[in-house]
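My questions will all concern the structure given below.
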Amino acid sequence: MVTSIILLKVKRKKVNEVAEQLADIPGVSEVYSVTGKYDLVVMIRVKTNDDLAELVTGNLVNVDGVKKTDTMLSFKAFSKHDLDSMFSM
Amino acid sequence: MVTSIILLKVKRKKVNEVAEQLADIPGVSEVYSVTGKYDLVVMIRVKTNDDLAELVTGNLVNVDGVKKTDTMLSFKAFSKHDLDSMFSM
Amino acid sequence: MVTSIILLKVKRKKVNEVAEQLADIPGVSEVYSVTGKYDLVVMIRVKTNDDLAELVTGNLVNVDGVKKTDTMLSFKAFSKHDLDSMFSM
Amino acid sequence: MVTSIILLKVKRKKVNEVAEQLADIPGVSEVYSVTGKYDLVVMIRVKTNDDLAELVTGNLVNVDGVKKTDTMLSFKAFSKHDLDSMFSM
Amino acid sequence: MVTSIILLKVKRKKVNEVAEQLADIPGVSEVYSVTGKYDLVVMIRVKTNDDLAELVTGNLVNVDGVKKTDTMLSFKAFSKHDLDSMFSM
Amino acid sequence: MVTSIILLKVKRKKVNEVAEQLADIPGVSEVYSVTGKYDLVVMIRVKTNDDLAELVTGNLVNVDGVKKTDTMLSFKAFSKHDLDSMFSM
Amino acid sequence: MVTSIILLKVKRKKVNEVAEQLADIPGVSEVYSVTGKYDLVVMIRVKTNDDLAELVTGNLVNVDGVKKTDTMLSFKAFSKHDLDSMFSM
Amino acid sequence: MVTSIILLKVKRKKVNEVAEQLADIPGVSEVYSVTGKYDLVVMIRVKTNDDLAELVTGNLVNVDGVKKTDTMLSFKAFSKHDLDSMFSM
Amino acid sequence: MVTSIILLKVKRKKVNEVAEQLADIPGVSEVYSVTGKYDLVVMIRVKTNDDLAELVTGNLVNVDGVKKTDTMLSFKAFSKHDLDSMFSM
Amino acid sequence: MVTSIILLKVKRKKVNEVAEQLADIPGVSEVYSVTGKYDLVVMIRVKTNDDLAELVTGNLVNVDGVKKTDTMLSFKAFSKHDLDSMFSM
């Protein structure tokens, strides 16, 4: 499983709307509206880097209201949970 | 469920070691080592703000090797998954 | 009581006007116009995280003139005063 | 009433300890441990600028564990509450 | 005497014009156009915090061409000169 | 008259001590301890650039406790006051 | 061989389009779309500084959609590969 | 082929030494010493994300003299060259 | 001789054009287009601070395409060359 | 002629000493101590990129007291002066 975490700054009145649109995109596992200098944190869980590339530079860019993104690839996940089976990969 | 996402900068040679210690702390759901200017992203899922406070200002500070933290509280989660039941809250 | 402190940057000519509007919102306890790189500091005191989420991502975003916000959740309050009773929670 | 709000960065293992020490200083009304890039937010309510100067450059500097401070003077408070009488000035 | 020092960034072609307007405002003692990342430094010398508040959030905001301000309150002045009498407070 | 304004960050427990030392240096007109991200603002009024250079890179650097300085040269002063005669240049 | 590496921020919906246009410019060896705070990394391999100057300040500026660039000249390359012959210089 | 580009800040006297050590690590394709705020740019070309994770969080951290790293994963490469065969993947 | 060095950020398509206009202004000795986060570096060599003030806040501001400037006054020049005579002051 | 401009931050008490040492290095044309957030600006004029590389990553790093450097390569010089002959290249 390829996991990526994206920090987003969003236009002020669009936080919830953008969150809902993002959460609908295949491969987007969770979207959190958060305190602090970012507005949303997006968890992406896909099979391959190409899926990730397509999602980030193809899909995600078409969601209006996003001002700034900082995309992080996860090297490795550490968890008590079996994330692969939980997120049925 | 109270969800918090913490961005961490960690001493260079301690990234994996710190990740493992954090993942063992009750309430820490997942820890990801990541690309970019941060080193780790920690997902916390607990019942109450007090649990979160105890974890962040009580527990987490005792893990050596952590240089800088930026803690975000999640206002709301948007997901196709039933996160509460998945993370059995 | 859930306490949150928000640092705001506001359009130059709207500082007092925005402060007044914010102070009227239920759950907003105090608003201070301040020196320094921020323009306003907002103290929010509500019952639950959901109230906080609704206030921040629902109500507050509709106040015009706000350029940038940095929202902080208070883990714990330390005071000689009995803040809960003072702010009648 | 002269109100000042101070944002503090504190040594990681000293957050609660520093908060308690600060809350004991006369003139310090409330101290909040918070999420985000700061660790503590201190509310100061005193009678005169000189009291504020003495507290900030005389008293507060002697509390060990404080790494960085950003002090803001409040020009004006906007609130439903009668803050002066609440904080018995 | 309440002294405040304000660092300003101003629209490029308006530096001298804004400086002149500011210098005319009662309570503004001196305005300096400067090298470095700021464009102007304003010295304010007034009697009370309320005068300062009125000047900064009432008067100063109406001067066009100002892009960004960082206002500092002076706790204490150290000088060989008798500033109070020099600036006839 | 050559005027320069210097913004200083100082070691926390040395603010007043450093201010006093600086105020004693010939050419230093005023020193203000201030709110905000800086600790001191120094006003220098001398006759020539060489005096300024000697003061900044010769004298000032020998005052212990100064962490960071940002020196600004004033191009031009705008004031109701006759600053030259007031500061007897 | 003169090698230069340029970090680019690009308008959100234009990442792939800009990458393709840049990759067509003579002297541009590779363009990578990347995670993190930049959007593209451009590898330039040319014969002389003048070629580099012409490419950066002449050619590259005409590609629409580029918001910000940070150009680095490589002093020296360290590699197991014979880069000069690989990139046929 | 999984390509990653890492920006490094290195201790001043160790730039060339660190560059040579990094260039020897399997999977490190090229290392460039550069102008600007970074000191080195490292090109990594490996087969899988796990190889990348092992290299970055396992190998690279053991090279002394590295102060700060910012790791970017390449989503996609755009080039006239057949990079895969050139770098014999 | 009064020497000043100005770092400029310029609109992307105007770098060479702005450089040429600046180089024509009396008192501007050299203009360099550069790599890195700035676009141009301007060397100013004039007789007095007033000449410098007039050039920077009077002349230079009228050159279109300049986005941001950071002006530095040189305290002292260290060189094997006799800069005064070279630049015929 | 290859021209490079380097911005330096230097240990406070070493500004003049470092400037003198740098000015002695072959290829260093001028060193200026300056106002603002940098301490020194170094003008380098050499024949080839290799000379520049040797000077920056070989020579310059051995001068003690330098805290931070930001090196810029000049693409092109614009000047009324014939810089090549003036600096006898």
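By letter and in written order, the chains are A, B, C, D, E, F, G, H, I and J; residue numbering begins at 1 in each of them.
Please note the rule applied: a contact is a pair of C-beta atoms (placed from the backbone, for glycine too) under 8 Å apart; a residue touches a chain by one contact, two chains touch by 3 or more.
These figures come from a predicted structure and were not determined experimentally.
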Based on which chains touch which, give the shortest step count from chain B to chain H. 1
Which of B-H, G-H or C-D has the same interface as G-I, meaning more than half of the contact pairs match by residue number? B-H
Does G-H or C-E have more contacting C-beta pairs? G-H
Whole-Å separation of chain centres (CA-atom averages), chain D against chain G: 50
Quick check: how many Å separate the C-alpha centres of chain C and chain G? 46
When the C-alpha atoms of chain G and chain J are each averaged to a single point, how far apart are the two points in Å? 26
So, in whole Å, the Cα centroid of chain A is separated from that of chain C by 28
For chain G, residues contacting two or more additional chains: 16, 33, 35-37, 53, 56-57, 70-73, 75-76
Chain pairs satisfying touch are A-B, A-C, A-D, A-G, A-H, B-C, B-D, B-G, B-H, C-D, C-E, C-F, D-E, D-F, E-F, E-I, E-J, F-I, F-J, G-H, G-I, G-J, H-I, H-J, I-J
Chain J touches which residues of chain E in the complex? 35-37
Going by the contact rule set out above, which residues of chain C touch chain A in the complex? 4, 53, 56-58, 61-62, 66, 69-73
Per the touch rule above, chain D residues touching chain C in the complex are 3, 5, 7, 16, 19-20, 22-23, 29-36, 38, 41, 70-81, 83, 86-87
Chain A touches which residues of chain G in the complex? 12-13, 15-16, 33, 35-37
Which of the residues in chain J come into contact with chain G in the complex? 2, 49, 52-53, 56-57, 73, 75-76
